[in-house]
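Consider the two complexes below, in which chain A is the common component and chain B and chain C are the respective partners.
Our next item is the complex of A and B:
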């Protein structure tokens, strides 16, 4: 294995461990909020060419609500929480303590619920980076967008794709037991973060 | 009909029973077509132009030309000319995308992208038959190479034909 591959592997390992720790914390916080067991797990970590990165999403293009958060600091990253519209309505019912199926349309409550989830998740992940790795990282206020999944993903990756032809993606799934709700979380370290994250030792 | 997906910073060409698909936010898609031989291509670019430092990297094969309107659109025209033996006056163009999706972002990248596309097509004397650009919502684009029709759906609206 050459130095470049070794560095890439080390980076992926670091990001996987810290992100999973952050997601574990987020699962606990979120389960308490909705009084339902939430399980969030990392599906895969991969480096992907920008031209094919959204192709899976392109072929499965749904109407979704998303919360985008920039994690700003020593190792800047981008966080995205994406949920299909129908599932966003169910999550809103859970957060508001209403019977599932009460919320029928996208409104300010749905927007606020998705925003709140984005905030909880991104804060949990940045907290783990701060406490475990001693790096400064602060979440920006979540921006909520309603659009096709492929377009949201494109806007989310836009800045990184201008800097590099290949981006590192952490893709996580988010299941809420007995509700059938399935959401996706993405975490993308920015180009300048890779050096900082690769140098973290002792995990 | 075969479907071809064009990703970000990507371009594809084809002919006949093929549908070239993409989704756009602030990026621009330029669809170029020859009615005579039912062949065409699409580029989905992110930024108007390369700067001097990125031009150097092209020589090393590190940069995607399709990321930039210039020289990406010229490369698309060149590919169509080479593969299908076409001349510029055989070709027509349609332009889509360039939305400003995030209201709190001040960048006018979509406008700049559209402007460069118009400039290049004007310089190459390729007639622009239709445009659907701007707004705050994303676009889904299906380019039918059999008919030359582009099916464009702005999020939340009906599909329009161009």
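Our next item is the complex of A and C:
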């Protein structure tokens, strides 16, 4: 294995371990917020060519609500949480302690439910990175958009394309008891953070 | 007259949840703000007995807003409500002059007790 492959493997291992720790914490906080057991797990970690990124997202043919959060600091990353529109209505009911099906239309509360989930989960992940890696990392205020997932993904990752031809993607899915809610979360380390994270040892 | 509270958070659903928790305690939510700048303006306008301030907000974050509110009134009672559970950051908020902090997602009972304590009702 050459130095480049070794570095890539070390980076993937570091990102996988710390992100899963962050997701474990995010699962606890998300469960508390929606008052329903939630388990968030890493589905896959992969490098993808920037020109085809977003083409095979599971929710491609659906309109989704997304919360986009830039994690700013020593290891900058992009955080993207997406939930199909109909499931966002259910999440709003869960947060407000209402019977599922009560919220029928997209409104400021649905929008801010997704916004707050983005805030809480991105914070949970950054908290774990800060504690584990002894780095500085803070979330920016979440930006919420409504569109098709592939379009959101491509637009959000556009500036990463100026840094590199391929991006590292951590794709995570949610198991939300029997609610039938389908969410997806992406964590995208920026080029600058790859150097920082790949140098972390002892995990 | 009931004590008055200003809620500042960029998420309307959090402002709604806090209002639903605070009102039954007998306090009046006199105003709401969706960013740090608006929080400072509403503080000047309403001079509430207590402010709940989110930290991660657009335009002006909660720590900056806290400093400006304390510059207006050094005795202002401000509770930080944040998802950032980082010791350095929370210590900084307390050093700046926050009365207390609550980590999101919040426990309802903790919100009630922290607010009542800050207002001297516990």
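To be clear about the criterion, the second predicted complex is superposed on the first by the 199 of 203 C-alpha atoms of A that agree within 3 Å, B and C clash if a C-alpha of one lies under 4 Å from a C-alpha of the other, contacts with A are read in each partner's own complex, and residues count from 1 in each chain.
Assume contacts are C-beta pairs under 8 Å (C-beta built on N, C-alpha and C of every residue); 3 or more make two chains touch, one makes a residue touch a chain.
Since the structure is predicted, the reported quantities are computational estimates derived from the model, not experimental observations.
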Worksheet item: With chain A superposed, do chain B and chain C clash or fit?
Response: fit
Fill in: Contacts of A:132 with chain B and chain C, given as first, second, both or neither
neither
Practice prompt. Calculate the angle at chain A, using C-alpha centres, between the directions toward chain B and chain C; round to the nearest 10 degrees.
Written response: 120
Fill in: Which of chain B and chain C A:36 touches, first, second, both or neither
neither
Item to complete: For A:24, select first, second, both or neither according to whether it touches chain B, chain C, the two together, or no partner.
Response: neither
Discussion item. Looking at A:7, would you say it contacts chain B, chain C, both, or neither? Reply first, second, both or neither.
Written reply: neither
Worksheet entry | After superposition on chain A, the shortest CA separation from chain B to chain C (Å) | 10
Discussion item. Give me the intersection of chain A's contacts with chain B and its contacts with chain C, in residue numbers.
Written reply: none
Worksheet item: Within the complex, which stretch of chain A touches chain C?
Response: 29, 32-33, 92, 95-96, 108-109, 111-113, 115-116, 119-120, 123-124, 126-127, 130-131, 138-141
Worksheet entry | In the complex, chain C residues that touch chain A | 10-14, 16-17, 56-58, 82-86, 89, 104-105
Fill in: Parts of chain B lying in touch with chain A, wherever the complex brings them together
5, 7-10, 21-27, 46-47, 62-64, 66-67, 101-102, 104, 137-140, 155
Response to the item:
Within the complex, chain B is touched by chain A residues 50-55, 58-59, 61, 63, 143, 145-148, 150-152, 154-155, 157-158, 161-162, 165
